[in-house]
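In structure tokens below, several structures.
In the two assemblies presented below, chain A is common to both, partnered first by chain B and then by chain C.
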Partner chain A sequence: INPGLVGITEWFLIVLRIADIISTVEFNHTGELLATGDKGGRVVIFQQEIENKNLPQFRSEYNVYSTFQSHEPEFDYLKSLEIEEKINKIRWLPQKNAAQFLLSTNDKTIKLWKISERDKRPEGYNLKEEDGRYKDPNTITSLRVPVLIPMDLMVEASPRRVFANAHTYHINSISVNSDDETYLSADDLRINLWHLEITDRSFNIVDIKPANMEELTEVITAAEFHPHQCNTFVYSSSKGTLRLCDMRASALCDKHSKLFEEPEDPSNRSFFSEIISSISDVKFSHNGRYMMTRDYLSVKIWDLNMENRPVETYQVHEYLRSKLCSLYENDCIFDKFECCWNGNDSVVMTGSYNNFFRMFDRGQRRDVTLEASRENSKPMQVLKPRKVCAGGKRKKDEISVDSLDFNKKILHTAWHPQDNIIAVATTNNLYIFQDKVN
Partner chain B sequence: MEVNVEARRILAVSISKLYASRTQRGGLRLHRSLLLSMVMRSARDIYHSSRETEGQTSEEPMETSSKEGCDSEITEDKENMSPTKQSRKRRGKASAAPDFLPSKRARLEPGEERYAAPMGSWRFDPPPTHIAHQGADLHQRSRDRGITGTMVQALRSI
Partner chain C sequence: AQNTFSEMMECVFDAQNLISISLRKIQSSRTQRGGIKLHKNLLVTYVLRNARQFYMSKNLSQTQRTHHYEDVSAVRERQDYFELTGSLTELGDDFYCNFTGVESDTWHCGAHQPNGQPAEVPHQDASACAMLSPSDSDLMVSEACWSCADKSSWELPILNAQANQKTVLDLDTHVVTTVTNGYFHSDCCAQSKQPQGAQCYTKKRKMDTSYHIVDPEFYLPDFGPVPFKRMRTDEDLHSDSDQLDSTNISNLISVLGSGGLSEFVSWQQTDLEQIFAAQTICLKHTLLTGSGWTRAIEAF
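Here is the complex of A and B:
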């Protein structure tokens, strides 16, 4: 694993693919597979192929491995509501046998998909012709056993479980437990615990719905299991708080074990303080010692042992603080950015506007802004760092805040668990970059 | 004064977003509705306090409008269900609707609350007993008014 952003400016494009609006991106546990979900309910899985494995500097390719329709639009007749087929989240299960499994969810229903390879087929049946028709029994004079012969690789996806009807509100998160048996799903007000084998029931483990909905002050925005402790999970709220819960303490985890909250800076108070403090994503570090949260303007790293403030705060696009009113009017202030850790938790990454994405090296205290765009991403051409000019005289190659394109946003990013390979989704494209120094 | 103007503008923008979100595919988003209502509440508070300092508001209409705000929970559905009933809102000078509100009184068409409703599901929760039933719809509506009720109150107390 590369220590930090040694090659901080040495990213280059290895894959660019036009897609429907991508709504989630996730590497599997080895990084060999990359799954994307889109607004049309489709899942596309890419597989890594490495050229020249023996060379120290190898180049990867990601080619389409499987495509399938995970969710279809549905109609809830009881409430006269259309249920969108958009895939909100995909989470891979750790691999146990030859097949791969993933969970994909839309607003209401979670599905477990099995993705398996078939590279042999049987030939030479005793009673059937090659085209499947049964032979006339009178013509059969000998016994023969079919043999398996190689065929072109076929990848099949089949739905193995459908976990439905457990969420009144819109599902925002799913997270597989380290026990390999259970997973959680979270909507705005509730979190449910499922067993992967059981679809007709789930346990409600968090319920923050008030008796009187008019007293509602916060909603659940994201939830995740601890990577190693199967009894621990965290959920974030629209008020900017994190609650760590221990399932051993009680069946219903309404009372948190730890509450992580940073007091608000009164000098930053505005009409929109509540909106921008809402946490849009929470991710445990791979080592399980830290959590990272993303709110509208910043990324914060929290130590599990310190509840009263984050240990690190990184400003993603502080220059937007004076533009909050415009961002409210054009709805951008409601954008939900995700964040991710690199394999050894030394670097964190998140997206921004104008197809920019940001990386923060925690150890070296360096950060970089890169751009995912067709014009700036020629294959084998190293990405040039970008800079936004917040005010004053704009230097050459800087971009002024007013010329940022707020329609071009990067909400979803993912980092390969072992290598310096990143997947970045713009509105209509998937970019995969690799670090040159690999 | 500038804050007042800003507050009014934000209120107007918020109201239009609220209306737009009702026709959004996938239903009303609770998180978004909550954030909208918070912004509206802040804007309303600023608007109120700035009007007070300007001495434009006397005590009486404010009391009436807050009373109307409370009543709105009970009376709103009655008004929705019988549109011919006369509006209870006074048309006095001080309580005339501010110009950034839509000129027609905002209300949902009968049966339209169904569209606004991911906030409640009487499949999962027992019905509250303290709300008088006026038909099968009302139970659903009482839950729908979770956020929208708050925002309607916000509008009425301006």
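Here is the complex of A and C:
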């Protein structure tokens, strides 16, 4: 871990890329590769330029490494239902050989992609004519073994597995197990366990569908395996609860091992209490001791050993609490923000509106609001902290709540596992920021 | 006293607006690409339920004041606590948005002022708001207006709305009417058309009418029975049971669920006749002059 990884630091832009509407962002385990998925079903992978990594004044570069179409729109004729090609999640597998593997999923189908490099090609066949037609074998009188010669690097992506037909409802999460053999996929009502090698069946490990659908009161909103304990996973619900499950306990993990829930503050009750308590993302810390949840207005850190309340709560944009009615009307209240940890779990980050994103330093009790926009992101220019004026007299450089642009939202962010490099996705742009190394 | 009344009315309008917006969301979700989002629709039903709970409690306080309707005492029977985690079946009351066309430009209850501070209104207890007799005060422990400090108003029971009350949003006229045990009565919003009430609503918001195109067959199957396509007469009541063809019903929209999933339409498990009987409405013809029921959203 980079010893310079303390606090929130100062950030400047290193990459800005126009994209289709980005729907997921994920660094691989070394941080060398950054994958993005978009609404059109495409995956774009960036690779970090690491030649000068150990030099002072190091400035990363991320260049496009591979682009491929992961999912296509489909039509389910039986249900008369169109299946969106939008990539909901990408998760990298730990690297085992020269190739890289990732899982990408849309609403219904998960695919395992192999991304491999080719920098040599065989040459010297004597089996074909110049124009490509095969020679008459009787005319071939000598055996010529082709040789491999260097070529320009080519990155190929090929689908190795397709995990289909296991989800009735919309897939919201995938998570690779630390055993490197299995992974889970979660939809609104069920969680399935897969083996990476086996595509024609999966195990159902959580099923919260009621016998009578009219009694439905909550859905699964996110799920993740514990980073070290291969038997443990967590799933969050639309009611704001977290359930930690142990797969050793039973085949069907409907009974949770632990239930994490914070009692509702009755003074904050409103028409929208259920909506804003719905958890949109859950992430284990890298050390496996904490979980972080994101609901509409806040980020909460939970200690695995304390079920009755979070150990830390950070308000992302509390000034929106009085605007919930409008946000309900324009559907913004349904936005699903993600959250992420930095490499040593000292800082957490999440997005907001107006292209703002927020970082909370857990140790130093500091937080900062930054903006990902072209106007404010000149190369080598350090990002200036932003401030929202919630009421009263607006100071210079503050932005009033009423002038926030709710169409500009940052739902997806990712933090390099080792360095202070972050990827932030606005609606149509991908920003990669790096901290200022002094 | 008038200020508190108008604040309360504003709260009720907020609830009504929320209800109509929520219904619109559910309706439009049917045509969204990728199928109906179960999660979002579930959250919308929570808003619907919260708004309806609030609205019903306010509406009931108004009906008690008018003393025009014989069923009021029956309606005021104490109900079981309507838990927010209750089943969607419990929402199976027919529910209609009440929308008289008098708009409020503010979404928030009087308690939510632009500056984020709660409105400074006199504390309203149940007796002030609803003019209840003291014996009834336990039914409305604290009034549901947001400005009240006691937010335990969420504990309010739904006062026997289940069997007796229906609300209908007429999509042509945008008139919403509440029907209780067959008696059509205008609710508190209509009363506010009195001059003193109208003063509260000086700012008008342009009404969005773009969404009110609805197939007459439209309904929310999980929440209620077949909608009334026309005004019902006594003769119709008896013939309606024949119309409840389960095939037709299962072909109708399934609002929630992953789009078109028959498993979410649980009509097969429902005793249609039982539902129909419970939802019997006999509308007084005279009260429905000029109001076409051909396009109506029947919620829940």
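Methods note: the second predicted complex is superposed on the first by the 405 of 438 C-alpha atoms of A that agree within 3 Å, B and C clash if a C-alpha of one lies under 4 Å from a C-alpha of the other, contacts with A are read in each partner's own complex, and residues count from 1 in each chain.
Going forward, a contact is a pair of C-beta atoms (placed from the backbone, for glycine too) under 8 Å apart; a residue touches a chain by one contact, two chains touch by 3 or more.
All values derive from a computational prediction rather than experimental measurement.
Annotation for the three-chain superposition on chain A: chain B and chain C clash. In the superposed model, A:Ala390 makes contact with chain C only, not with chain B. Residue by residue along chain A, chain B and chain C are tallied for touches, and C comes out ahead. Applying the stated contact rule after C-alpha superposition, one finds that A:Pro137 touches neither chain B nor chain C.
Of the two partner chains placed by superposition, chain B and chain C are both touched by A:Lys79. Of the two partner chains placed by the overlay, only chain C lies in contact with A:Ser326; chain B stays clear of it. Within the superposed three-chain model, A:Pro266 lies in touch with chain C and out of touch with chain B [touch as defined at top]. The superposed model shows chain C running into chain B at a single listed stretch; among 134-142, 152-160 or 170-178 it is 170-178. In the superposition on the C-alpha atoms of chain A, the part of chain A touched by chain B in one complex and by chain C in the other spans residues 79-84, 86, 107, 168-170, 188-189, 212-214, 216-219, 221, 238, 271-272, 274-275, 278, 325, 328-329, 331, 334. Chain contact summary for the complex, chain B toward chain A: residues 6-7, 10, 13, 17, 25-27, 29-32, 34-35, 38-39, 42-43, 46, 114-115, 117-121, 123-124, 143, 145-147, 149-150.
For chain A in complex with chain B, the residues that touch the partner chain are 78-84, 86, 107, 168-170, 188-189, 212-214, 216-219, 221, 238, 271-272, 274-275, 278, 325, 328-329, 331, 334.
Across the complex, chain C is touched by residues 79-84, 86, 107, 168-170, 172, 188-189, 212-219, 221, 238, 266-267, 269-275, 278, 319, 321-322, 325-326, 328-329, 331, 334, 390-392 of chain A.
For chain C in complex with chain A, the touching residues are 14-15, 18, 21, 25, 33-35, 37-40, 42-43, 46-47, 50-51, 54, 84-85, 87-89, 107-108, 112, 114-116, 146, 151-152, 154, 222, 256-261, 263-264, 266, 269.
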